[in-house]
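One chain, chain A, links the two complexes that follow: it is found with chain B in the first and with chain C in the second.
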Partner chain A sequence: MAHSPYQPLGGKLLTKPFMVLALLFAIGMYFIATRFAFGLGEVTNLNGGYPWGIWVVVDMIIGTAFGCGGFAMAILIYIFNKGEYHPLMRPAVLGGLFGYTLGGIAVIIDLGRYWNAYNLLLPWYMRPSSVMLEVSLCVMAYVLVLWIEFSPAFLERLGLKDAKRKLQRFMFLIIALGVLLPTMHQSSLGSMLLVMETQLSPLWFTTWLPLLFLITALAMGYAIVILEATLVTRAFGLPSEQRILSKLSPIVGWLLATFLALRLADILLRGHFPQMFEANLNALMFWIEGVLFVVPTVILLSPARRVEQAQMFLAAALLLAAGSLYRIDAYLVAYEPGNGWSYFPSVPELMVTIGVISLEIMLYLVFIKKLPVLHGIRNAQPREA
Partner chain B sequence: MEAGDDTGIDFDKFSEQELDGYEGSVGGLTRRDFLKFCAGVAASLGLPLGAGMRIAEAASDKLRPPVIWLHGQECTGCTETLLRSYHPTLEALILDTISLDYHETLCVGAGKQAEAHKRKIMEEFHGKYVLVTEGGTPTKDGGIYCKVGGKPHVEHVQEAAEGAAAIIAIGSCASWGGIQSADPNPTGAKATHEVLPGKTVVNIPGCPPNPYNFLSTVLYLLTFNKPPELDQQNRPKFAYGRLIHENCERRPHFDAGRFALEFGDHGHRQGFCLYKLGCKGPETYANCPSIGFGDVGFGAWPIGTGHPCFGCTMEETGFRKPLHALAEVKTFSPPTAFPAVDAPKGEGVSPAAAAVVAGVGGLVVGAAATAMRNMKASDRGSDSSETNDA
Partner chain C sequence: MNKSRRRFLKSATGAMAAAAAPLESANAIRRDNKTLPPEALGMLYDSTLCIGCRACVTACKEANDVPVEQPARLSAWNPGTWDAGEDISGKTLNTIRVYTHGSKEHKDKAENGYAFVKRHCLHCVDPSCVSVCPVSAMNKDPDTGIVTHDPDACIGCRYCVYGCPFGVPQYQFDDAFGKIAKCQFCEHLQKQGQLPACCDVCPTGASLFGVVTELQQEAERRLAARPGDMYEFPRGRLGGDRPTHEAAIPEYESHIYGVTEVGGTQIRYISGVPHEKLGLPKLPDASPSSLSEGVQHTLYKGMIAPLAVLGGLAFLAHRTTRKLQQEEEEE
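Take a look at the complex of A and B:
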């Protein structure tokens, strides 16, 4: 294993934070079991007006955006040929792996008649003009792609050098797919709202939704890489990657500036400027979302601020919050099905989502400790984390 | 030419000598003029060229009762609706069943020629022809507000009614005065039966009426030589005996309390009952929901397409009651206990769920803030070996 720049972290698995996460996951599992035993109505607050709740919006739509680290880094490293970012690639792919795999599982939990889900794969039932079909097939394919992209870590661990070498020959194809597929479905997650023109507040509804969703997904992908690298290096006493991260920040900053310009220009062009100043929940959420987007943009574009680790961390965290809120707003808050319907997740519903996220963090910790994921570990002193 | 060969057609009838001088040739026209007239009618009805000869044949058939159709204050909508009927079609009606001898919109002849023909028919078929009136009759100032051939419409109606075997008033204007009789009624517009005291006028109200209500009445008259059963307002009971409300396809929504509250709202788009938008179906007698309009299948009528009924067949409702005014429900009134269509649905925020969301939010913000504080400390100390838990 000495030849690989990646090393497993090692250390104890059953730490205190891990146990807390395991408990949360167990609670989530209990409610998932209840859902399969007694149906969706027993566990969720889903209704005729809001057939999609947080299992789709948070676990799937936000979860996969959080999982865009691998996608965002692949664009930078392989398309723009910035090899210096390579140390960030494998943990980013790992994050994506869990984001997407668990997002997919969450959708199966959310499907009312999940036993019919296999019909999706039967070509004679496919309707090529369906955005939903594209998203589901793309996400399934991308989960597979992510596992293949990550598989060298397993092969290294098992010492299968020959298999790894063979795989490496086709890796360019997998990486190409790893850029193509998320570009398709992350924009399509915005396209899905295009049919909801009358139900969606004009502050969010625009034909540019696919582009806006793609840009925020990319930005969130970079933000998760920054956040993850900062937290992991600090928690495990690894050498700081601050230098390489601060080089990444202007890229994200300009991406965000483009997003904000498009978002504002679109609202002005469509003549919905006054709606920004109405005294209602939609306008309030619009402004909260706006502030959450503007602050990281300012930090990431300021050369003085972005060298500070704390500022970078703040920017990444706010950016993830902003991207998440944008998705929650577009799918739940600004979405008004009419006829008096309202929706707020129930406690069991929330516990399932929290359980799924806990599982994600637990698996991440197991993987970085047991598999060669992190880069350039010299004399790390793993602490309890 | 041989007459009466095995085709059964009397070719002599079509010979020049015969046809030019045949008895009752239209308006005393020459053969050339008559054939030109028939070809013109065929063309304006969109019939194939050969149909002109059939028209010539039909027009000279004395078995069919002649019809005189007078237009008063109206929009010709009633004639338009009749032109769009398909079973039977208007041409089948006027070629096979009746002889439409005078119709100001459809006749090819014009001016003195048409008027002369009308007078001739009225004299020749005195007591045998059918009079149809379309439109209201102005009576103020001697009825000068609607004139044909220099003579007020009211005089035309009274004159033609003298020798009519039956009188049919088509449309709301002829049946009860229509839109021009609405307040302040500047021309003193009246219904046909009001200017013909003592005569029986069959009313086919509607704006426009369904053409099949008219055609059915005509066919009934021709077949049985008497008008169909009429109600107190002389409307055929087969068409005006039931409330729209009774056969409306949206009635289940009414009974369940599901109402559209404004145009384009959720209920309106869902096809809910239009009563609260001012639909007059509950007080209007007509068969619109049962037979529809335009022969295009189910749902092609005002309520079917999402517009409230405005009560065009009812003298006390159409053009008199405001469009938004609620109808007087004759069957039973909607109970106040109907569920509200905009009642809140869905579970809403439970205190526990709010606490979980707030807790998770607080935890994330707190953890991030702690991590940041530690980072700030290490940034200041510029000591990268300092480590902290996130």
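Take a look at the complex of A and C:
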């Protein structure tokens, strides 16, 4: 066959885990239908004080951070010229593809007047001062970029060598966009909160929000690559990528250390040290978040620990939890709308989020089995998963 | 790593540090607050004149064609004919709230007293809702300063709901085709030469319509007058020809709310109890959007920085992709 180092994994599609995911997706679909038939209030606990809930914060804001693998790896491989990480690129781009595409689907479900959504693309409606406008346009463009970045996999599968060669001539531009666009919108997801000065706890509100969001998005991007590589190689009995992964660890570790230093310095500089020790939910969440960030930093910076697969896996998982909690805290916990409002997601609301994530994993499995995504499969013995 | 790569990365890091440095002092990066249009229209709400009759709430519902709110438990009783909304909502654009303390004996006293307050859009001078709206569905009239909403443009993202420092815009969550509901200062009535419904119907002149600068002077006059002296309180529109309402000057708090808060609003509140107790929070003078717009402007001015970065990235990516593609072909 082709001489591409990437190969489809092959194997059965309708495995047991796949069926469970399909069931969860079906439940989610039921509630999505309910939402469109009867309105957002029928399914969610959203209210006048909390107009944004987990569909925005988890599906979109955290979901796209989970999709930052391709972005994070592109910086390393193409900008810092570290070709040795190249085998991890294609699965990372695939992860990004689903993280972002499904984040976009979640937005459509969440928009209160979705039939007007195309107004975002009409110049006479666009308002440049809105960070949300920048984020939406940037995310839409990046989804396109991700599909193009991934398209060689399709072209290889279809045997269109000529098209692939033509595309590769322009790939460098696409890759450059694939670094610029996420830098812009992942930091802007922090900038979206800059207008919330009077409503966010000072433990989270800072003019550094864009920088802090960008660093955590990058770190989460690397974490998802580590997690994905570990899970996939174990589940399908592929040769371990441990050697490359442990080289990646100190980079992520230093990124996290930078984040922690900035986060702490910022709170101290602004004089909000005492708020860290108040007896309230904000302070509690601040500390949980802090511990979740510190543990992976320690693991990833320790030469003895980062060579062990289990420790790496733990570090990556904790890091993703930390970055997610940081986003939930900043958007929902630190936010004080006043007037006695409170919010906790409803079960149907959660089921929609779980359904969307299930779809994402199902599609990922289909893609790696049917398309040349993974590296070094030739000698592997696929197991059922 | 070759030389030019190192040079680009170095200058990129430098640019990032430079971008982060002014972020440290928020004030350096803010743009100025926007300013009040000279002919801006607004309202003076005098809590001491309000008798809590809620005529303005009913009039607002009629004028803006929004449905009544009835608690589910009582909805079987005379449906649709009475209204008991708890707060502004997707169906209620204004509301009267009451502050009470201790024995609730004295009107407009913080101790053992009570006081009314009206709640609706404050028509901010530099409104967050307008700044954050991605599709220009929230707009501020350049002459009257009234902040209006256009449901045909609105995508229902609810950033305005999240971003308004007073929690004013409300999305209709119970409707499959919900809209954003918000006081638009009865712009449609004003176009026909009428007053905003709430000011029109107010029996005591507690809600008084007028030009903001004149309302400001009226508020200052009241605060300067001696408590106990009789005063002719205008009703409906300041400078209109309605008979006035004569009453004694109460003991006012010295603060006029709405002059400086979040860069100023077009509503003025004066009252006998501290504004914070009426649910009008202490807020900084700088408008929230002066910071967010300042940061965005610094980073994205004319898209020059992003394009320069793109150029650098493309240059580096070009070298690496060529090398990797060669390797792949050799494999």
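As a working rule, the second predicted complex is superposed on the first by the 383 of 385 C-alpha atoms of A that agree within 3 Å, B and C clash if a C-alpha of one lies under 4 Å from a C-alpha of the other, contacts with A are read in each partner's own complex, and residues count from 1 in each chain.
What we mean here is this: a residue touches a chain if its C-beta (ideal position, glycine included) is under 8 Å from a C-beta of that chain, and two chains touch if they have at least 3 such contacts.
Keep in mind the model is a prediction, meaning the values are calculated, not measured.
*Asks:* Label the relationship between chain B and chain C on chain A in the superposed model as either fit or clash.
*Replies:* With chain A aligned, chain B runs into chain C, so clash.
*Asks:* Could you say whether A:Leu180 touches chain B, chain C, both of them, or neither, answering first, second, both or neither?
*Replies:* second
*Asks:* Could you say whether A:Asn47 touches chain B, chain C, both of them, or neither, answering first, second, both or neither?
*Replies:* Once the two structures are laid over each other on A, A:Asn47 reaches both partners.
*Asks:* Can A:Asn339 be said to touch chain B (first), chain C (second), both, or neither?
*Replies:* both
*Asks:* Just to be sure I read the superposition right, which of the two partners does A:Val195 touch: chain B = first, chain C = second, or both, or neither?
*Replies:* So A:Val195 only meets chain C here.
*Asks:* Which partner chains sit in contact with A:Asn81 here, chain B, chain C, both or neither? Use first/second/both/neither.
*Replies:* second
*Asks:* Once chain A of both complexes is superposed, is A:Arg127 in touch with chain B (first), chain C (second), both, or neither?
*Replies:* Only chain C is touched by A:Arg127; chain B is not.
*Asks:* Could you figure out whether chain B or chain C reaches more residues of chain A?
*Replies:* C
*Asks:* Check whether A:Asn280 is in contact with chain B, with chain C, with both or with neither, and answer first, second, both or neither.
*Replies:* A:Asn280 contacts neither chain B nor chain C.
*Asks:* What part of chain A is shared between its chain B contacts and its chain C contacts?
*Replies:* In the superposed arrangement, which is not itself an observed complex, chain A uses residues 47-49, 338-339, 341 for both chain B and chain C.
*Asks:* Touching chain B in the complex: which residues of chain A?
*Replies:* Per the touch definition, chain A meets chain B at residues 45, 47-50, 230-231, 234-237, 239-240, 308-310, 313-314, 317, 338-347, 349-351, 354, 381, 383-385.
*Asks:* For chain B, which residues are in contact with chain A within the complex?
*Replies:* 265-267, 270, 341-350, 352-354, 356-357, 360, 368, 371-376, 378-379, 384-385, 387-390
*Asks:* Quick check: in the complex, which residue numbers of chain A touch chain C?
*Replies:* Spelled out, the residues of chain A in touch with chain C are 3-5, 36-42, 44, 46-49, 51-52, 74, 77-81, 83, 86, 111-114, 116-117, 119-120, 122, 124-127, 129-134, 136, 168, 171-173, 175-177, 179-180, 183-184, 191-192, 194-199, 207-208, 210-211, 269, 335, 337-339, 341.
*Asks:* For a test of understanding, state which residues of chain C touch chain A in their complex under the given definition.
*Replies:* Residues 1, 5, 9, 16, 20, 23-24, 26, 29, 87-90, 128, 130-137, 151-159, 161-163, 165, 167, 170-180, 262, 279, 281, 283-284, 288-289, 291-293, 295-296, 299-300, 306, 309-310, 313-314, 316-325, 327-329, 331 of chain C touch chain A in their complex.
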